[in-house]
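Shared between the two complexes below is subunit A, which has subunit B as its partner in the first and subunit C in the second.
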Partner chain A sequence: MKEGNRGLSLYTLLVFVFLLGPLVIISITSFEPGTVLKFPPEGFSLRWYRNIFEVSMFMETFKTSIIVSMLGNLLALLLGVPAAYALSRFEFRGRDTLNALFLSPVLIPGIVLGFTLLRYLIVVYGLPIYAGLLIGHTVIMLPFIIRVIASSLANFDFAVEEAAQSLGAGRLETFFKVVLPNIRSGILAAVLIAFLESFNNVDISVFMTGPGVSTLPIQMLTYVQNYFDPTIAAISVILMVLTAALMFIIERLMGFAYFTKR
Partner chain B sequence: MNKRYLYLLLLPGFLFLAAFMLIPIILTIVSTFMPDGSLTLEGYMTFFRDGYFNKILLTTLRVSVVTTLVCVVLGYPAAYYISRAGIRKKSILLALSIFPLLTSPVVRSFSWMIILGKKGLLNTFLMNIGLIQKPLEILYTPVAMMVGLVHLFLPLIIITLLGVMENLDYELVRAARSLGASSFTAFRKIIFPLTVPGLIIGSILVFVGSLTAYTTPALLGGKERVVATFLYQNAMTLNDWQAASVIAVIMIVITFVVVGLMNAWANRLNPKG
Partner chain C sequence: MALISLEQVSVAYDNRFILEDFNLQIEKGKLLSLLGPSGCGKTTTLRLIAGFLNAEQGKFMFGGKDYTNVPVNKRNFGFVFQSYALFPHMSVYDNVAFGLRLRKMKEAEVKQRVTRMLEIVSLGGFEKRLPKALSGGQRQRVAIARALVIEPDLLLFDEPLSNLDANLRVNMRVEIRRIQQELGITTVYVSHDQEECFSISDQVAVMNSGKIEQLAHPTTIFKYPASEYVARFIGFGNFIAFESRSDAGEDIELSRGALKFLAAKRPNGAGNLGMLGAIRPDDLQLWPSTQEAPLSGNTLSGRVQVSTYLGRSYQYEVETELGVFTVNQEMDVPFAQGEQVTIYFPKDKLVLVQ
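Right, the complex of A and B next:
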């Protein structure tokens, strides 16, 4: 048993080296002083971190990414919170079907969704690219918002709500004063998870680029296909720090149990 | 329950998804069967007659199958180890599995360009220790795509399996051991069968994910195409929307068939769901 355990722990160690090693390597190469990505780097310099701020494309697309992810998040909340509440709170015919519909954007291949949105939203409906980008991101954020908030509502005792109503509070008042405060951390976690999902998205955004409109991941993708200097490594490090910070907050808000549920 | 109230809560989200997801997808599907008004399968016939598309489809399937197998082989023992670890170690390893999952796929694929490139880390290392004389051509091949995809989806299968393994009753193992079963037999006869449904669900996620992935093949595959990058190329470079739509429908059909079949299989093995 002890032998087997040692073998298994070594195996697991190697799996994690494979998983995290490449991310460590990117981080180290980002400090390369020369113009070509190398490992190990030939010295230590923050030159490429400065370069991020000097290349205006990165700053502009970063701004677009933030705006689209935040606005889309807000839209997804406005659409998703009432839906998650209705789906968790009431029994009605067609509930399972509606639930499946609201979660379906994760099931449809991203690249397929991106293409159909380009074809119909931009070309047929004639929406501006920026609007298409925003709508597309809202669509992909909705399932995450609904799933996380529904799992938060699953722990909420709706008897409390009925008690408030029997004491004379209106439906809306009960929702805002009784239900919402109880699922606050679930909502915040949903917002952060959906934000990461949208901020890192490539499949939708890659079809929604036009004059002056593009997101950071798409800008990075184009840059990597043409240049091989350490700028992308430096951006990667900044993104990983951001990701780690958000992940830490998500863990504080609701633990990691959500991720292991399927 | 007041019906009107229910509609009020669900209608906005429903209309949004209907207008911006359902209708575009349905129209795309319809358009492939009647490109100019009359019903025809010509769009699909040209595709499956075309050797190039068949080759791409085959590459995609092959890469996805291998990726899924490698993810299972790497992920299953790791997940088992994590599920049996102490609380502190478990939460650290869980965090380390979730972190890559939340990290941008562009970043993760890019890291493999540094490693697998002609002058990359791997080639430099192998040449320094004298194992090879000429750099290996790995980047921009299906092998590179596969490595990138395994890296992309390994965390997913680990945490999916963890979800199942955490809920197992390990008292059963103790009982089997006390009745004389070796620890391996106990694992094989008790633990493994109980984790099969999780293994199937995890494998579907990896397989479908690899089949439809865009970023990793676009960065690591070079000129080598998979269906997702081929769809993009047809839509954006060649401006052949009819072809792009046909590929889109093929991808939807494959996804739903695979998910449906594997779900049915997982349910049959575990009637409780």
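Right, the complex of A and C next:
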């Protein structure tokens, strides 16, 4: 390796230490046997991991998070797949505007979006909190669903669909027999990315939770305000592992190019 | 009566007309090709016939019925794409069977037809392969089989060979012609390659920015282009603008200043309209000016400007009082640069265009 590159390597290493260091420290402290978060830990114990499953709030909110993410995902797919198809296949007036509209939840700060949704869905229209939460999550997942599926449609030769039509297939038949089987991995990747986005979300959820309805990240926030034990560190480790596993699958399906070319 | 008829058709993209008052008739069982440079509207015409595009105006008649508003999937036309457009997730067998299954045919009959079609395109034994495990030529044959197996009323090809290498292109076009004639299927074939079009067509339509400049049998176009555009496109590299012509005699007499030329009339008396003389570089002959030309008339003296070696022949750029002429000539001892020469224009090779 050339001389100049050694300095660059060292620099890269430092950046990684800076980025990953806190995660490593959290992971290590999660094994603390005592009742207060410390670094370095005074021993090794899985006590706080066990605690997660014993505190019913965590289990309840975990269930809510999963249900909201999955149901919202389904709704976002029902809206997003036709939208992605139309945006990538048809030339029509107002296409760019529509595109921008669908992507706007990524551009608008979460706090603003969350507050707006609260104001209208819950305060003005009086929807139940649970419904508001579901709609909020559908809205934040939609842009990811549309973008990932549209990019996978863009890689699929339109002529293949025309070939199916010339052989006698109608539009829907063409979509289900020819398009869908070829964008399956794109759809799966979209679902996983959207799931991560929703499952880890704080800024929307924080407005959409109330008595009896809360998501896991919100519950974690509440918990650290009152307790100082390493439970949160333990949950964080589990969430990190879950996220890493999903990212690994997404990378296998789509490559990371999607994340770097936004 | 013609099987296909496009009548006064207009197509526009973004308010720009690509085809305007376009007319085309094709006889049953014939192969007609659309020939022209990239961007002249060949694909647009083909997609209009296929039903992928809607005309702003005009009618598309097929077998005496108005097909203008019949959707693609109800037309029963086979389309072969430049990119092959095979279904990537299906085996060769399933690709070919696709159209038959949509027609709710019994599996036993599907099998019989697919197997026979794969034999016709010499792909027996490849049934289980996925498209990505095939070569370009094999993919194209699957695409052809897939379009043919539905027994289409019309077969449409859009530059089907342009992604193949040169040898394969020649073999495939012979294949396409063989199958087309064997099954007697009416075909429209699009290409920008004149040799390809000439070799397989019953009729060639030479297109220029959305208009058909000439529609005729390939040999007619090759020998007697009707316009300067067609002449240039098919390799007539030399032009002389004459000032007057007289058709009184056995040959057409032409003059430009003091220079007199003769052009032979066509056997049936048709064509040869206009006053622009056109001739191919291969048809001109060169003599050293020291040597007397064997024939008098139809000559022009000049000086060799550039000489390049083409392998089979030499190509010369010869400067004359009427401009620079390009001449291809086979010879053992080539002319040197700067040499004085006489160019001879055989009268039966000199064509008049508009």
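As a working rule, the second predicted complex is superposed on the first by the 259 of 262 C-alpha atoms of A that agree within 3 Å, B and C clash if a C-alpha of one lies under 4 Å from a C-alpha of the other, contacts with A are read in each partner's own complex, and residues count from 1 in each chain.
Methods note: contacts are C-beta pairs under 8 Å (C-beta built on N, C-alpha and C of every residue); 3 or more make two chains touch, one makes a residue touch a chain.
Keep in mind that what you see is a predicted model, and the values were worked out from it rather than measured.
A.B. asks: Label the relationship between subunit B and subunit C on subunit A in the superposed model as either fit or clash.
C.D. replies: Overlaying the two complexes on subunit A (C-alpha atoms) leaves subunit C and subunit B fitting together cleanly.
A.B. asks: For the overlaid complexes, name the partner, subunit B or subunit C, with more touching residues on subunit A.
C.D. replies: Touched residues of subunit A are more numerous for B.
A.B. asks: With the two complexes overlaid on chain A, check the angle at subunit A between subunit B and subunit C, Cα centres, nearest 10°.
C.D. replies: Result: 90 degrees at the vertex subunit A.
A.B. asks: Quick check on the superposed pair: does A:A83 touch subunit B, subunit C, both, or neither? Answer first, second, both or neither.
C.D. replies: The answer is first: A:A83 touches subunit B but not subunit C.
A.B. asks: Which partner does A:I111 reach: the first (subunit B), the second (subunit C), both, or neither?
C.D. replies: first
A.B. asks: When the two structures are overlaid on chain A, which partner does A:T29 contact: first (subunit B), second (subunit C), both, or neither?
C.D. replies: A:T29 sits against subunit B, while subunit C stays out of touch.
A.B. asks: Quick one: classify A:G170 as touching subunit B (first), subunit C (second), both or neither.
C.D. replies: Touch partner of A:G170: subunit C, not subunit B.
A.B. asks: So, does A:V160 touch the first partner subunit B, the second partner subunit C, both, or neither?
C.D. replies: In the superposition, A:V160 touches subunit C alone.
A.B. asks: Tell me the contact category for A:P217 with respect to subunit B and subunit C: first, second, both or neither.
C.D. replies: So A:P217 only meets subunit B here.
A.B. asks: Touch check for A:V178: first (subunit B), second (subunit C), both, or neither?
C.D. replies: second
A.B. asks: Rounded to whole Å, what minimum CA distance do you find between subunit B and subunit C in the overlaid structures?
C.D. replies: The answer for the closest subunit B-subunit C C-alpha pair is 8 Å.
A.B. asks: Which residues form the common part of the subunit A surface touched by subunit B and by subunit C?
C.D. replies: The overlap between the subunit B and subunit C interfaces on subunit A is empty, containing no residue.
A.B. asks: Per the contact definition, I'd like the list of subunit A residues that touch subunit B in the complex.
C.D. replies: Touch residues, subunit A against subunit B: 1, 4, 8-9, 11-12, 15-16, 18-20, 22-23, 25-26, 29, 37, 39, 78-80, 82-83, 85-87, 90, 92, 98, 101-102, 104-105, 107-113, 115-121, 124, 135-136, 138-139, 142, 171, 196, 199-200, 202-203, 206-207, 217, 220-221, 224-225, 228, 232-233, 236, 239-240, 243-244, 246-247, 251, 256, 259-262.
A.B. asks: For the complex, which residues does subunit C have touching subunit A?
C.D. replies: Answer in residue numbers: 50-52, 72-79, 81-83, 85-89, 98-99, 102-103, 143, 146-147, 150.
A.B. asks: Where on subunit A does subunit C make contact in their complex?
C.D. replies: On the subunit A side, the touching residues are 157, 159-160, 162-170, 173, 177-178, 181-182.
A.B. asks: Hey, which residues of subunit B end up touching subunit A in the complex?
C.D. replies: Counting only subunit B, the residues touching subunit A are 1, 5-6, 8-10, 12-14, 16-17, 20-25, 27-28, 74-75, 77-78, 80-82, 91, 93-108, 110-115, 120-121, 124, 151, 154-155, 159-160, 162-163, 166, 183-184, 198, 201-202, 205, 208, 211-212, 214-215, 218-219, 228, 231-232, 235-236, 241, 244-245, 248, 251-252, 255-256, 259.
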